[in-house]
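Pasting the structures in now, so scroll down.
You will see two complexes here that share chain A, one where it goes with chain B and one where it goes with chain C.
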Partner chain A sequence: MNAKSRISGLQFFTVTACFLIGTFLRITSITSVLANDAWVSVFTGAVAYLPFLAVFLGLVKRYPGKSLFEINEAVFGAVAGRILSCVYTYFFTMILTTTLLDMANFIVGFIMPGTPITLVLAAFMVSCVYATRKGLEPLARISALLASGACLVLVVNSLLTVANADTRYLFPMFTLPFLRYVQGTHTTISLYFGESIVFLTLLPMLDTKTDIKKPMIASLLFAVVIAFLAVTREILTLGPLLPYVARPSYETMRIIDIETILTRIESIYAFIMISLTFFKACTLLFASASGIAQITRIESPKPILFPFGAFVVVFALQTYPIVGDFLYWSSNVSPFIFTIIEFILPLLTLLAAWTKGFIGSSQRLHVKKGAVRK
Partner chain B sequence: MIIAGVAAMLIGIAALDLPWLIREKKRRELIVYAICLAAVSAYILLYALDVRFVTSLGLLHRFFEKTLGLHYGGFT
Partner chain C sequence: MKSRSFTAYLLSGILLCCFLLTGCTSGAQIDQLAIVMGVGIDKGSAPDNYLVTAQIARPSHVRTANEGGAAQGKPYLDIQQEGKGISMAMYEMMRQMSRRAYLAHNEVIVISEDVAAETILPILDYFIRSLEAKFTVDLVIARGTASGLLAADSNLEQMPAKHLQNLLENQVKNASIEEMPLYKFLSDMLSPGIAPTIPIMELYTDETGIQNARVQGAAVFDGGTLAGTLSAEQTRTLQLVRDKVKSGYINLDAFGSYVSLDITHSKTSVTPRVENGRVIAKIRIRQEYILIDTGVQADITTEDAKAQLERLAAMRLIQSVESLLQDTKAQGLDVCGFGQMAYRKYPRQVEALLETWPEQYKALEVEYDVETVITITGSILRPMAPKGGEQ
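Let's look at the complex of A and B:
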């Protein structure tokens, strides 16, 4: 991890875009809830996420160049700040674990059946640690290639599925109970958009001139377009099967068969998904290790990356050995836990920072008035 | 057997930084390093012995679902 490497605004955009596309490729949590109305939650989720994005940007504006962990300590002091940083670090480790588990289940279930999941997890983690040790700047450079590749594959595949698409699958619209739409929106903001809180840990790596507001908003719009395209394609192709398949995007690709020449397109999707998951895992690994480094006051997270990566692998093996339990957790319970950490804690931090600033400025004003009277 | 192989691989790779940390006397790093490796070894041992236990994630799941009642009630 090279401390001197810096990420430009454009690279930050591609990093955030890659992360969000990687997250949105796992859309099972929405499609299993909203079926043919899943596309609605992409928009409602994005709109509902805007106030929370404003909270993130408010924190960044108040503490420029500081990471989330440094902001915690600046606002709450060393002890309380570290406790809060522990919560965030655990949260990032939790997302990293579930992301790895999801990817390993995909590989073992669809691509290489019979392969021991332990081996898949370990091999994947070793490559993640190796890449993260090289620094985030090389990863940021790769992200541009990955993001454009993912978009190209998505667009081409969507065009190839047109022959199998049926617009009737979009109907009937809005027939589900209202609570389902609430669940879909809640899941979208907490499981998909909300994970972008991890970018607050990358801020010290950015160029000092970089304004993160534009890249964050641009990547949000980009992710909305990509997610809408992907979800709509799945609805139009899979129709009533959509809530019952574990990997809608993969199953959609499997249907493509152009004159028996263009078949097995799903392998391209698998490649893109694994690449984006790799990128996401690297970002989360960096965030978690940075959190540990900040809490324990070690100079660099680089030396602890391998043992920490090994810990994540064994932690993943003990967590949700049954895939069904994992899917239940994703759709039904995790949105509540994620909401507290992704939105309520940053909001409290921003309020505390404002209060601290307000008290500080009123005290300074009081001292000034006293000096003028004398 | 696979677990033992993977464990040996992970710990072996993790030990790459060890000589440098000892030479440079990075005490804090060594403590964090030792804690991580101890946790990994304990987890691997339990996994190899087929001892299944509820992880912190599982505990959170139960706490939110059973104690607080915060869940959407059923996989649809």
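Let's look at the complex of A and C:
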């Protein structure tokens, strides 16, 4: 990891966009809740996420150039800040674990049946560690290529599904109970948009002149467009089958059959998904290792990467050996845990920072007044 | 220093092997695979048992166009096995084969009428769960045995399964049937207010004594169980209501003889509405024709004659839709999906009606708005009558 390499605003945008597309390609949690109305939650989720984005941006504005872990210590002090950083580090490790496990289950279940999952996880993690050790800037450079590739594949694949699409599958709209829409929106912000809190750990790597507000908002809009396109395509193609299939995007690709020539092109989707997952895993690995480095006062997270990567592989294998348990946890449990970490804690941090700033400024004012009296 | 670099190279080599060889775990050479082209499912000797027939391609026996001549043997092999459920039969089948059955190229699943009369859900469950099988594999109901239909040789195709698939595709082009891939059937089955259909095929013996396969109507399902059948004519009408007709012809008895019209344009739209707790469907059909053939010697290009023909064509369309609805209403099977259309448009009003939809469908009121236009009378303006004739 090269501390000198900095990433520009544009690169930050492609990094965040890649991360979010990688997240939205695993959209099963929304489709299983809202079926043909899943597209709604993309918009409601994005709107509901805006206040939380404002919280993230408020923290960044107050502590420019500091990572999330440094902000914690600046606001809550060394001990409480480190405890909070431990929670975030655990959270990033959890997302990393579930991301890797999901990808490994996909490879073992769909692409290379029979391949030991341990080997897939280990091989993938070695690549991630190697890439992360090279630094974030090279990763940021490839993110532009990956984001464009993912968009191209998504658009081309969507065009290829037109022959099998049926617009009537969108109807009837808004017939589900209101609480289901709330659940769908909550799932969208906590499982998809909310993960963008990880970008706060990358801030020290940014060019000092970079204003992160624009790239963050641009990547959010970009992710909304991509997610809407992906979800709508799946609704139009799979229709009532949508809530039943394990991987809607992949199954949509399986349906493409143009005159028996253009068929079995789901491997292209698999390639994009694995590439984006690799990118996402690298970002999360960097975030988790940075957290550990900050907590343990190690100068650089570089020496931690390999042992930590090995730990994550073992953790992934031990945590959810049964796919069904993992899917249940992802859909029903994790949104609630994630909400606390992604939104409540940053909000408390911002409030504490404000309070601290307010008290600090009033104390300064008091001292100043005292000095005048003297 | 030297030993450290040696260790690094060794580790790199091991890691490289891990990366490159892990994909081979489930790998199989093409000569180790039994490529299944078609699957037939008949009833087994015990309840829940199926007799599964897998048609396996023998690429070495496939004749190319240049080779011609007598065949060395059939380019396919039908293997049968009975088992409790499809997976058991497939696994048992492996014991008869030196290769692994590979379903990724399976083109057609033929299910016998007997099996369909009970339920086809366990069969579909196997194929939908399979990561290897195609989502787009065609479903066919066999009148008679599925294995028999799958064994029907064709002079045009070397592989019976491919022949069945081409037959289906050809009928789809003629708007005689709707092809029913696996995913489409499941989508229809999961939708409320529609009875899904699957094309029926049967064997017939032609004048030369050779057995051939042909498409003969459609099987109608209630859930996953065969609940009724449609004749070939009714299946064509169903395509008209579903707006799947892109070409075809209509033959009318008119002016003491016949008039054949070629359909050049066809558009059908169904608009449901709910009145007094009942669903009323309005079917709008607009078709354009060209006159292709007639036995009438009189000039039928006059405005009056044309109007009469157009009226006859419209009446024919209404009669055929009425006939279809009459039969399906009697069985309570909404093959056109009026319930589904109404639900999509008026979900709140129709939701309760869908619970007793078969009964509601019997009382469904249908209005027609049919427009038929003869645009061209072919490349001649009037019939060619012998000299001294009337015209």
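Here is the rule we go by: the second predicted complex is superposed on the first by the 374 of 374 C-alpha atoms of A that agree within 3 Å, B and C clash if a C-alpha of one lies under 4 Å from a C-alpha of the other, contacts with A are read in each partner's own complex, and residues count from 1 in each chain.
Rule of thumb we're sticking to: a contact is a pair of C-beta atoms (placed from the backbone, for glycine too) under 8 Å apart; a residue touches a chain by one contact, two chains touch by 3 or more.
Please read all numbers here as calculations on a predicted model, not as lab measurements.
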Query raised in the report: So, on chain A, is it clash or fit between chain B and chain C?
Result: fit
Query - chain B versus chain C as contact partner of A:296, first or second or both or neither - result: first
Query - Touching partner for A:25 - first (chain B), second (chain C), both, neither - result: neither
Query raised in the report: When the two structures are overlaid on chain A, which partner does A:264 contact: first (chain B), second (chain C), both, or neither?
Result: second
Report summary line: The answer to whether chain B or chain C touches more of chain A is B
Query raised in the report: Looking at the overlay, does A:55 come into contact with chain B only (first), chain C only (second), both, or neither?
Result: neither
Requested in this report: Kindly classify A:84 by the partners it touches after superposition: chain B alone (first), chain C alone (second), both, or neither?
Outcome: neither
Query raised in the report: Is A:33 contacted by the first partner chain B, the second partner chain C, both or neither?
Result: first
Query raised in the report: Does the superposition put A:119 against chain B (first), chain C (second), both, or neither?
Result: both
Requested in this report: Could you look at A:180 and tell me whether it touches chain B, chain C, both or neither (first, second, both, neither)?
Outcome: first
Query raised in the report: Nearest CA pair across chain B and chain C in the overlay: distance in Å?
Result: 7
Requested in this report: Once the two structures are superposed, pull the chain A residues common to the chain B and chain C interfaces.
Outcome: 116, 119, 122, 126
**Report entry** Complex contact set, residues of chain A against chain B
**Finding:** 32-33, 90, 94, 97-98, 116, 118-119, 122, 125-126, 129, 179-180, 183, 243, 292, 296-299, 302-304, 306-311, 313-315, 317-321, 324, 327-329, 331-333, 335-337
Report summary line: chain C residues touching chain A in their complex are 15, 18-19, 22-23, 25-26, 104, 131, 134-136, 183, 186-187, 190-191, 343-345, 347-348, 351
Report task. Note which residues of chain B are touching chain A in the complex, please. Result -> 2-3, 6, 9-11, 13-14, 16-17, 20-21, 26, 28-29, 31-33, 36-37, 39-40, 43-44, 46-47, 52-53, 55-58, 60-61, 64-65, 68, 70-76
Query raised in the report: For the complex, which residues does chain A have touching chain C?
Result: 109-110, 112-116, 119-120, 122-123, 126, 168-169, 171-172, 175, 238-241, 244, 251, 254-255, 257, 263-264
